[in-house]
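Same chain, two partners: chain A is paired with chain B first, then with chain C.
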Partner chain A sequence: MSISRRHLMGVGAFALLPALGPEAWAQAKDRLVIGMSLEPPVLDPTKNAAAAIRSIACPSIFESLGRIDRNGEIKPGLAESWKISEDGKEYVFKLRSGVKFHDGEALDAAVVKFSVDRLFAADSTVPAKSLYTDIEKVEAVDPTTVKVTLKSPNSYLLYNLSLGDAGIMHPKSAATNDKKPVGTGPFAFKERKEGDSIAIERFAGYRDLGDIKLKTIVFKVVKDPSAQVSALLAGDVDTFPGFQAPELVDRLKKDNRFAVVVGTTEGEVIMATNNGKKPFDNLKVRQAMAHALNRAELIDAESGFGTPIGSHFPPHNKAYIDLTKTYPFDIAKGKALLAEAGYPNGFEATLKLPPVGYAQRAGEVLVSQLGKIGIKVSITQLQWPQWLSEVFKEKNYDLTVVAHTEANDLDRYARDGYYWNYDSATFKARWREVVAATDFTKRDELLKDCQRIIARDAVNGFLYQLAKIGVWKKELAGMWENDPSPSADFSGVHWK
Partner chain B sequence: MSAFLARARRHVGFQIGAVLLLLFVGTALVSVFWTPYPVDELAMRFKLRPSSPEHWLGTDHLGRDVLSRIMVGAQTSITVGLIAVVLGMTVGVTLGAWAAARGGWVDEALSRTSDLIFAFPAVLIAILITSVLGASARNAILAIAIFNIPVFARVTRGASLAMWSRDFVRAATAMGRGPIGITLRHVLPNIMSVLIVQATIQFAVAILAEAGLSYLGLGAQPPVPSWGRMLRDAQTYIFQAPELALWPGLAVALAVLGLNMLGDGLRDLLDPRLRLMRVG
Partner chain C sequence: MLDFLSRRLAAALVTLVLATVVVFAVVEVLPGDPALVMLGTDARPDTLAAVRAQYGFDQPLTVRYLHWIGGLLSFDLGNSHAYGTSVARLIGDRLAVTLPLGALALSWALLVAIPLGVFAAWTHGTAGDWGVMGFTQIGISIPNFWFGIVLVLAFAVTWRIFPAGGFPGWRQDPAGSIYALVLPALSLSLGEIAILTRVTRSAMLDTLREDYVRTARAKGAPESTVLFRHALRNALIPVTTVAGLIAGFLIAGAVIIESVFRLPGVGQLVYDSINNRDLIVIKNVVILFTILVLVVNLLVDLAYVVLDPRPRVAS
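Up next is the complex of A and B:
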């Protein structure tokens, strides 16, 4: 009995195969499965700071006034053009006409005013609120013209308004965007399987529908690096745009079905140091630690992926200057500085690590490197919620390792009460000049000065710039090799 | 004693267990004074090397000698396991003996409490404790010790109750000895063999628990070598260097197997009539 049943099932399966084959093949041409390491808590970038939200929803679902292109430059988004007044305080945006939301609502100046007002309102809970607090008011001049007035000039405003954080949302759907996002982007939200995947589908009402080749994009959550490799090899996932396990890259390179592309990110990996706590409040101690850093060894632990940095600034930026030699690797010098600071026999310190691969690896290397100048470091591993409360909020730590992946994040050094407890009047003054600069060449010079100040002050241990390791099937075209912002633009992606 | 040795000579399981335990303890002792390489010495140029005459078990992802780390890992296992079992045993035996001697509501309360602790999976309790108190070797010891308490309390209570109904204990009671005196003089010495066997088995359980907690990042903190931690690190490199997972895995398996065989052997040898229920 059981034999005949098994036999029958076999026949059935074979009979189905030819029928499924061509269809499945045709489907693969406009369907893309993207692997993600982290699952977004919600899908609304104005409700939560998680980077995963931006790499799914921005700008595929939510578009902003400007659009950051693959080189990090600002291109027209929902605004087709803009004018900035002489004094840098007035921005007039001309909106595209005929733009529709996924639910059929139309985009006009009133909708944009609503969205931007939410960002800087006194009771705003938007995670990136501080980026927009220079805005004084937003006016809908006519249905396609919006005027934004600033309290003081802010040279980053255009960039900030192009981020996913400033995604334009409709008053009708704003409250439910976390579960059921409705935007103007080329893809509309289709379904979410909690813990597994999120699917988006081409929006038939999109203005440049002809440019969008993909019909469906599925974001599949695969947390474990080894499982990510298996998913790629088995063909369950077409790409990991941000593959997070450098140690496994060799395995994928061997497989000629995949392209492995190494690009850059905005992520600076730093050994964050509590500048407000003894003995780290002593400049000499921080300088001694800087001399103890051997960046080549740290990058080696990342299988060679990463670019050494000497300050908190990405090497691909025009304004970057190489400051890795400010305090070159020199153990004798480090020991001498520690002795000068009053710690001839070193001291004990704790290193609180978040549960991510690069931090864990860098942690063990740092214990060894700091050990060589006499600092006895012990590691405590934390989960993300613990790290956020103990280290980031309560500032109860000596040292930690973390990647700062936001773009233009030098402003953290000017913030009061940020978790490094760094307080420098010189830096704050210089940063105010950066923000107020209307001439971008002058701004670059000021940015270089900012980099020098924090490098000289050895605020944190500046380790290396995270590489973006993109893995995708060779037939896939149009993927971005670099990550110039936390968003991910798939509008140009297609199968060859 | 000579009768014990004569029987031990015929008990193969006991002998294998004893040899494995000697190997385990021996490795840990040697590693206190000597390891092939300094245990935390990084050598990036030599990372992920397979076994070779220089590095018998190869090197890990930071170029550290795996054999040295396995040896020191044995130290970590023994330290955590031993302290946890001794702590759990001290408290557990005291409570169990008290429950048996006093009876009544004390017995009832202690028994129900231990039932309650048993109802929770041990590892869950351990994760709970280490995430509240923070991850460290000390808290891992504490967590393992806590779930050892009811095990010893229960075994002690059961064995002691049997003793309390024996004639010589009744005689001692009739002579006016107090419960503490009787427990120390008559009850505990007579249930020692049961406790030794249980301690051996719990030691194995504790080593496994330590490896599990370290694997989850809740045990001994890096760079202190720990077998569980080594397994976790090796998992990342499973495609490049699968043998990295083999060595710590083998070490845990052999140590636990050895202790279990020794425990079974001791039980057979010390009291052939005794068939202990395995707890934990």
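Up next is the complex of A and C:
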């Protein structure tokens, strides 16, 4: 009797398995299910700017000449080595030989030339085109040698050519990469269910499979933060490498199945300020606002995740200097500066917020902090496309909160007509030196100077560096702790 | 009867044509530049202009309207700007999730609400009635997304009977797909059950007071015949009207429920398309839903004719 009952129960449990769907097998040794809070539109990084594309496809599907490693350093990618001329205007890349695309096509210098030409061509519609317009020409010297000549030296070129934006594509598949991406990376595109998931599979023809332990990776889109938690708890998803709801982290920390790993990102959260609009064109007003900022309180609103910043620069970068004390938190000083600027009773301003968690949380705190020096701030909520048009393009705003997540993005302060309307000849001159620098030690010194200039000018409210909150099952090893660039490098990731 | 139906059909067509104009106008005035959404904050003005030209965003409004209508008439919905895939396939895939979800929720609501409403009316003024009314009060007050989260915590996280979300796909796993829709349909139907129960109850109370019901009872008809054959049939007219309206609400409610349960349905598609400013998808989905609501309304009209002969006689 007892045997038959146990037997029956066994059958019952087995019968349930297929009904639970493929999720039930998520813990198989070589399959990883990654949760994503944003769905990429297309899968081609040269067609759309969405960071989610890079977090799925680069360099897992599309590899670039260099590869940015987990410490943010440039390592060989499809180019096994390179030489840069003394004047910084000529880059000669030696390509790896025997590299194959997922469809069997071979990689050679002509393919690389085709790919890089697309980035800066006159009719190019690549989102990151502006990163590559210093390139004058690309030549295929021989099948494994590519020479890139610049109009003027650009110390960031190698980094930019290592980004997913510069993924190497084959002329035969370039047009269809948006739906069916074909690259040279360790994983080949398998299938996509729009609105649900994207699956990639280990590419048997990859040149070095030793480090590729996973066979299948499924990226599952889970937008709602509480649905993210239940997906993890129910075992439908193995990891959220970038968990977006800091207020729910405690719930996951209590569960000993998961590791919660806090790392760094390149995202500076700033209260962007329209320097071209009264009264924000007045340095004293911006200084007053800087004195009103209490960064500890802002980070509290992020449940303690984040590192204070005093300029537009990530604290983990070796060229970083701490400028959080440039205008220390001091309400009396802030009020006095406002009075000096001619606003003894403060003024009214609007804060236009994009629909992202950190901006929503910081927005409420900023209203109260600026209120203490007499600035009456009212919040306007915008959808992301509205924010892009109204705030970013038309510059029709007073204040906004946004994270600038690109690496090396100080150059925005040197751009004409950028949305915060900052125009400083001193900064522009210093930035030109940064770009032209061929000596990286000297470049770091120049970068420190750049940080000081914008901190002193209180261009924006510099709030904090966004943290990367990674949540994954404890048996999973090799995941990236930090996020030096949005990327999908799974070499070394494995189940213990 | 034919005349009645053809008048309804003509009215539906006029509504549809007006709807295309309104939908087009509303979608086109949405603030936000689709090209900017695609290319992001580093885009140069020349690349933005090139992308606008590539997708025809720079064409005059009338040209774009006629192009869209032409496409609709020839069943060519075009390609999504964001996904790069065919809009028809995109919508088709999503309808395969949302329609069963809505149908499940609606049939659930009808199956539970009508007997419950009849029971409440029959036990009018007693504990049974109060119990049902108390339940409906709670059902109306609870937001369905919250109920959904509670269901997930109970049935997926704690007891692991149902998946926490996701949708395996009809072809890959039909049983699992039905399974995946159970909790979402439950949470979607709660509020509708409450509303339908109340409507059924009050309609039943009205008809139970009618003379013909007293006559039926006086003739000695069994209570079940009185309740279901005489009273309920007439009470079903307002219930049908409300059920038709609820079908529209279910579609709106699906946007949130699909997000809680990670279902790749039409609601999520609309939400994403609005955020991506994927105008061509928004336009086509909204028109499709307009057609759907018009069809449901036609069916409701048809149901009146079946339930109640008076519109037939009047025409």
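Of note:
We adopt the following convention: the second predicted complex is superposed on the first by the 469 of 496 C-alpha atoms of A that agree within 3 Å, B and C clash if a C-alpha of one lies under 4 Å from a C-alpha of the other, contacts with A are read in each partner's own complex, and residues count from 1 in each chain.
Assume contacts are C-beta pairs under 8 Å (C-beta built on N, C-alpha and C of every residue); 3 or more make two chains touch, one makes a residue touch a chain.
The model shown is predicted, which means the values in this text are computed figures rather than measured ones.
With both structures placed on the common chain, the touch criterion links A:Q383 to chain B and to chain C.
After overlaying the two complexes on the shared chain, residue contacts for A:K190 are found with neither chain B nor chain C.
When the two complexes are overlaid on their common chain A, residue A:K179 makes contact with chain C while staying clear of chain B.
Within the superposed three-chain model, A:S226 lies in touch with chain B and with chain C [touch as defined at top]. In the superposition on chain A, A:K372 makes contact with neither chain B nor chain C.
Residue contacts after overlaying the shared chain place A:T125 against chain C, while chain B stays out of touching range.
In the superposition on chain A, A:N48 makes contact with chain C only, while chain B stays out of contact range.
Using the contact criterion defined above for the overlaid structures, shared-chain residue A:A245 touches chain B, although it does not reach chain C. Set against each other, chain B and chain C touch different numbers of residues in chain A, with C touching more. Overlap of the chain B and chain C contact sets on chain A: residues 226, 383, 386. Residue ranges on chain C touching chain A, taken from their complex, read 30-34, 36-44, 47, 50-51, 54, 82-85, 90, 93-94, 149, 152-153, 156-157, 160, 163-169, 172-173, 175-176, 179-180, 259-262, 264-265, 268-269, 272, 274-278. Put simply, chain B touches chain A in their complex at residues 40-42, 44, 47, 61-62, 131, 134-136, 217-218, 221-223, 235-240. Taken together, the chain A residues at the contact with chain C in this complex read 18-23, 39, 41-42, 47-50, 123-131, 178-179, 193-196, 220-224, 226-227, 230-231, 233-234, 236, 383-386, 388-390, 392-393, 406. Against chain B, the residues of chain A that register as touching in their complex are 225-226, 229, 245, 247-248, 250-251, 297, 300-301, 355, 357, 360-361, 363-365, 367-368, 371, 378-383, 386.
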